[in-house]
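Shared between the two complexes below is chain A, which has chain B as its partner in the first and chain C in the second.
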Partner chain A sequence: MNVLVCVKRVPATGGRVTLTPDARAIDTSLLGFTTSPHEECAVEEAARLVEAGGGTSTVLTLGPEAAIEQLRDAMAVGIERAVLLETDGTEWGPAATAAAIADAVRARESADGEPFGLLLFGNEAADSADYQVGVRVAVALDRPCVTGVKRLDVGAGAVRAWRERDGAWDVYEMPLPAVVTVREGINLPRYPSVPGRLRARRKDVERAPARRVPVADAVLTRLRLPAQAEHRVEILGTGPEAVPPVVEVLRQLGLVGR
Partner chain B sequence: MSSLPSHARVVIVGAGIVGNSVAWHLARLGWRDIVLIDKGPLPDPGGSTGHASNFIFLTDHSREMTAFTLDSVRQYVELDVFTRSGGIEVARTPERMEELQRRLASSRSWGVEAELIGPSRAQELVPYLDERVILCGFHTPGVGVVDSLRAGTLMRERAAALGALVTFPSTEVTGIDVEDGRVAAVRTDLGDVWTDTVVVCSGVWSPRIARMAGASIPLTPAVHQMISVGPVPLFAGTPGEISYPIVRDMDTNMYERQHGSDLEVGSFAHRPILMEADDIPSIAAAALSPTQLSFTAEDFDPQMEQALELMPSILGDERVGIRHAINGLLSLTPDGAPILGETPEVRGLWSAAAIWIKEAPGIGRTIAEWMTTGTPEIDPHGSDIARFYPHQRAAAQVRARSAEGFNKTYGIVHPAEQWASNRDVRLSPFNARERDLGAVFFETAGWERPFWYTSNERLLAEYGERVMPRAAEWESRWWSPIINAEHLALRDRVGMVDLSAFAILDVAGPGALAALQRIAVAEMDVPVGRVVYTPLLNAAGGIVADLTIMRLGQERFRIVTGGGGGMRDRKWIADHLPPDGSVQLFDATSAWCTLGVWGPRARDLVASVTEDDVSDAGFPFATCRQITIGSVPVLASRISYVGELGWELYAPMEQGQRLWDTLWAAGKPRGVVPVGIGVYATTARLEKGYRAHGNDWTWSTRWWRPEWPTAG
Partner chain C sequence: MILVIAEQDAGRPTALSLEARAVARATATAAGLPLEAVELDRDGAPPGDRAAALGRLIAVRRPLAVIGPGSDSATELLAHVAARAGLPLAANITALDVGGSGAGRPLQLTRQRWGGTLLEDATIEAGPALFTVAPHAVAAEPVGTAPEPLPVSLDVDGVAGDGLVRLVERVPMGTEGVALEAAPVVVGGGRGVGSAEAFGMLDELARLLGGTVGVSRAVTSAGWRPHREQVGQTGARIAPDLYIACGISGAVQHIVGCRGAKRILAINTDPDAPMVAAADWAVIGDLHALLPPLLEAIRDTR
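Coming up: the complex of A and B.
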């Protein structure tokens, strides 16, 4: 089965986010960039599915040329092919993004002569958090879709997707091809190896200009920072006397039993 | 938490390894009411200490840096935070093999146990190293790693136990008040502290803190990339942090060290990535810490190939993942040395910056001794903040030289190697003539000085076998046999030497004689017109400078000292003048150019262009006098650093070229040659037996034997 995983280049923010003067974006002048955490898990899931069941894995992003960094990150952990839908660097809304990705999927599937069995997305991007792109692509391609998935079992011609809700599981079955958006926790993404990094560096990235179709889209007008709690450091004690309060904190966090 | 005291003996800004070391040693030496402030939390406030790879190689070609390092290791061992692992610097090229032999020579000079080993022995010690990639290794068994955060905590605790130190983490310095050129108070977001002494131990933020007081610490934050890969199966069973020697892959500018179950790979090979102190993210906004920036993989990828070549069994293992990767910030300086000591701009404002883990406790001790007694045991003159000339503090110079120096971190650097960037900063009035004569310029303190003249190549034929050959490539590098030919011509005939790089300091006023009597060793109450060559000593009898002083009047003296140490000497003298205004110091360096005329025909030459009496009786040795050469008014001083008859001629800068032309024309029939600094500062002064400060004597050279040379 061929798997396509879509990722987004997002700022690697620290504790406190700073906005640009017009308050319409995060100030990234001092920040690095990364892949959204949900999407890192989607990449790992794609790599595992293909390693286990064969087929090809492809990673796609819509973004500026610099987003090649995120494509290489995905190839470094085993994704075979990479596609950059290149933008001019401006932020696209979810409808325009989904339309461009759907177009690219159609074009690639017709070139390959077979559809992707699975299109994997992160549940939402770490920066814009629209929760829309995966669903919109599914609708555009008329494929079934489950969101918020934390476990995935692929069988012959069908996929079973597990979604956690209030401590219980919703379990869905869909015929392939299908669309799944995954959540962090579905797996533990691997670290890239040095040979993996070097292979990724040598691989080609297929580049095409992203085609922006005129669609009604949500427009971001302004960001506002929520009141942020200051970090507080509390010394629980020194030496052996510190052990009981530390254990108590670990208990409160549910990391050790009572 | 207790509140900030209203008064402190000293405020130390920065609680990384440097600030903690300074605090502890000041406490140990008896200071009390020490306040240590850091913007970040403890024990890791977020500076470079927190992400350092924490390993210590012992040998540096610099005696000063090795002394700092060896003292630091002694302290880390005493604190029980040192783990000895051994270390191997490997050579991939024949050039590096030669360099490792030189490192062995330096090691022996400084008393560091070390040996050269073959590739198979290296692989025996480091089984994951591929011996086929290397030609040899330089093995230092005493290399190790430290826990620098733990060391800092212990030093704070010890100082606190003496009742000497209070520490305020999460406290930001917002200003430093200066009154009458001296520190008066430190302002923080927790309140203000009255103090007359501040030590800036703020690492990459040091320029920003110093600027609050109107001083400069010329360093630049720069990125050093490091990745950590693991888990390494081979390391699974090893105890503690490190069981294998640290490897420095010198030819690729990289290092590899075990850190628990991981292998850390660091690089100094990537492009220089410089930052401004003001652009470092705040603690709150930083993803990891302010000095751990996002990794830029494209810079590191080429180095990864080279690391893989050397350590394929670990780095080629698909199960071993890159678990951590950072662009870590460290401090670079325009000449690569730390920046230590009291700033020349502000009394009581001390810098302890651009310091690595390997030398921090030793430097902390040195700074504390310097602050308390003025006479540190280890001579810090090469790191003295007072060494910088104004142009060397300029941001353009700091960036250019720091960038150029970054890739030399593991480089094969010849002691005479010249900087390529930001040259032609200070030009003497003889420069145009020197260029016409094919001068090869070396830089001192920004001055372009001819080291030899290619136009003198014809002298090689003239002197033939008397020109000593330098057969080895290394010793012939940054050298020319022409220097030896110029030397012989100076001894046979007469030479003209551009000495405009001299720092010239006029000391005048009713208290001038009394002040210089205190500052200089030699008798200064000499007749007007005498020239005195003298050392300057610190309180322990260590030699801080050697220079000449001319008595130009009853209350007027002119001090002439080498360009390299000129700014240090100026601060030393200024610091030791009385504060009552009875003596004024004026830096006249930019007013006067200097031309040395020496050789057996020097008197003949000078006499031909002046109507003044320059006979031995009329112008004896060690005297100075105003004469006229052609139409140029010149202060002539009959001394010599080269062991020949002659004068240093000081002329107004703008008339220098005329002075040169006059002597050159008159010198032609007398066989005059332009002579470079290669002769002046190297062969001639060595043959004469003059010592050079910084090489042959230092602060550590004690002045107690009357062996000072007295004649020229």
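Coming up: the complex of A and C.
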């Protein structure tokens, strides 16, 4: 089965973010970039499916030329082919992104002469968290879709997708070809090996301009940081001498007895 | 008209639905528009039929905005509706202004990015437009404090859902103990715990306090603990009475998962760690030196 996995390049934030002067983006001058966490797991799942069942694996991203870095990260853990749908670096909304991806999938499948059995997405991107690109691509291609998946069992011509609801699994079955959006936890992504990284650096990346169709997406006016409540921390100590005040805190909260 | 999607468990609106209703009510009241509601059982049904039926309803009734709860199920449903009908969907809003009766004016919204550490002000064309409300970001509308929205029935007869996705099984998770999202106490462990074995101390502390263990992404990535224990943007959002964060530096992706905690006690060697800044109390020291005598002291209180 041929598997396509779609990823998004996002800033590797960790601490407090700062904004660009026009407040329309995160200031990334001091930040690295990474792949959204759910999508790292989607990449791992694609690599495992093809290792176990044969076929080809392809990674696709819509973004600036610099997003080749994320495509190479995916190839370093075993994805074979990479496609960049190149933008000018401006942010695309979810409907525009999905339309361009659906287009590229159609073009690729017609060139390959067979459909991808599975299109894998992250459930939502770390930055914009639109929760819809995978579903929009599925609807555009008229394929079944399950979102938020944390376990995938591929059988002959069909797939079982497991997702959590209220402390139990809902198990869905759908025919292939299909679309799945995955959540972190579906697997533990491997670390790329050094030979894997070297191989990925030498591989070709297919590039095509992303085709933008007019669609209605929300249009960003500005970003802002939420107001922070005034807050003071009380230091209870630096070592074992802090045990009595910690126990006193637990007592005040009714968590231990007298 | 403003249409709100109300999900129900056993005939009662879910907490997230009451949050969606609060935003929908504020939006409708400010614009002088009526508020109507579609009620859905949260039963795990695949979204196809309901999405087709909701799309038909929207085409007929032409609400200015459709506002749903930020649950997985409602988000998936509205994504299908938006995709089928070619409508915009903005997820995780905290506020919406549809203005007066002036049709054709874009709607103004505020939505969360990066798990709520960043807010986005944006405009969206009403044609109509769909929204989900960010979980636990706005106060829920208490039941009975305002007139019930006018119920609209969703007719799934004769709709063309995709019919390809079937819910075939419901399987228990086989996990024991206190659920992370509902635990009154969560003992959190991060990279500073140092090893899978050292989590034994945290397990015991959690057991003594009637709580459960939660972990940072560094811990699940290292394979020390399973992902179901992860707290953060891509894990569980917790809301305990007390969160004890041991050896967790407090990356924003973790903080968004634990900021629902009423109180936080941080144990960390670094006084400048963001987790310490977010805490009510802190011990600036090595958790390996503090936890053994702390466990003994707590056992002595019993």
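FYI, the second predicted complex is superposed on the first by the 226 of 258 C-alpha atoms of A that agree within 3 Å, B and C clash if a C-alpha of one lies under 4 Å from a C-alpha of the other, contacts with A are read in each partner's own complex, and residues count from 1 in each chain.
The working rule: contacts are C-beta pairs under 8 Å (C-beta built on N, C-alpha and C of every residue); 3 or more make two chains touch, one makes a residue touch a chain.
Source: prediction; values computed, not measured.
Q: Quick check on the superposed pair: does A:S193 touch chain B, chain C, both, or neither? Answer first, second, both or neither.
A: Touch partner of A:S193: chain B, not chain C.
Q: If you tally the residues of chain A touched by each partner, is the higher count for chain B or for chain C?
A: It is C that touches the greater number of chain A residues.
Q: Touch check for A:V233: first (chain B), second (chain C), both, or neither?
A: both
Q: Is A:P209 touching the first partner chain B, the second partner chain C, both, or neither of them?
A: Neither chain B nor chain C is touched by A:P209.
Q: Could you look at A:G89 and tell me whether it touches chain B, chain C, both or neither (first, second, both, neither)?
A: Touch status of A:G89: no partner.
Q: Who does A:R16 touch here: chain B (first), chain C (second), both, or neither?
A: Both partners, chain B and chain C.
Q: May I ask you to decide whether A:G53 touches chain B, chain C, both, or neither, giving the answer as first, second, both or neither?
A: In the superposed model, A:G53 contacts neither chain B nor chain C.
Q: Tell me which partner A:A129 touches in the superposition: chain B (first), chain C (second), both or neither.
A: Second partner only, chain C.
Q: Once chain A of both complexes is superposed, is A:G157 in touch with chain B (first), chain C (second), both, or neither?
A: neither
Q: Does the superposition put A:G185 against chain B (first), chain C (second), both, or neither?
A: In the superposed model, A:G185 contacts chain C only, not chain B.
Q: Which parts of chain A are touched by chain B and by chain C alike?
A: 13-17, 231, 233
Q: Chain A touches which residues of chain B in the complex?
A: Touching chain A from chain B are residues 41, 169-170, 229, 279-288, 293-298, 301, 304-305, 307-308, 315-323.
Q: Quick check: in the complex, which residue numbers of chain A touch chain B?
A: Touch residues, chain A against chain B: 12-18, 30-34, 69, 72-73, 190-198, 201, 231, 233.
Q: Okay, in this complex, where on chain A does chain C touch?
A: 13-17, 26, 37-38, 93-95, 98, 124, 126-132, 135-136, 138-140, 142-148, 160, 162-165, 167-175, 178, 183-185, 188, 215-226, 231, 233-240, 242-244, 246-247, 249-251, 253, 255-258
Q: Sort out for me which residues of chain C touch chain A in the complex.
A: 42, 44, 46, 72-73, 75-76, 79-80, 82-84, 86-92, 106, 109, 111-125, 127, 129, 132, 162, 164-173, 175, 179, 185, 208-210, 217, 220-221, 223, 227-228, 230, 233-235, 241-242, 251-253, 263, 265-266, 271, 274, 276-286, 289-290, 293-294, 297-298, 301-302
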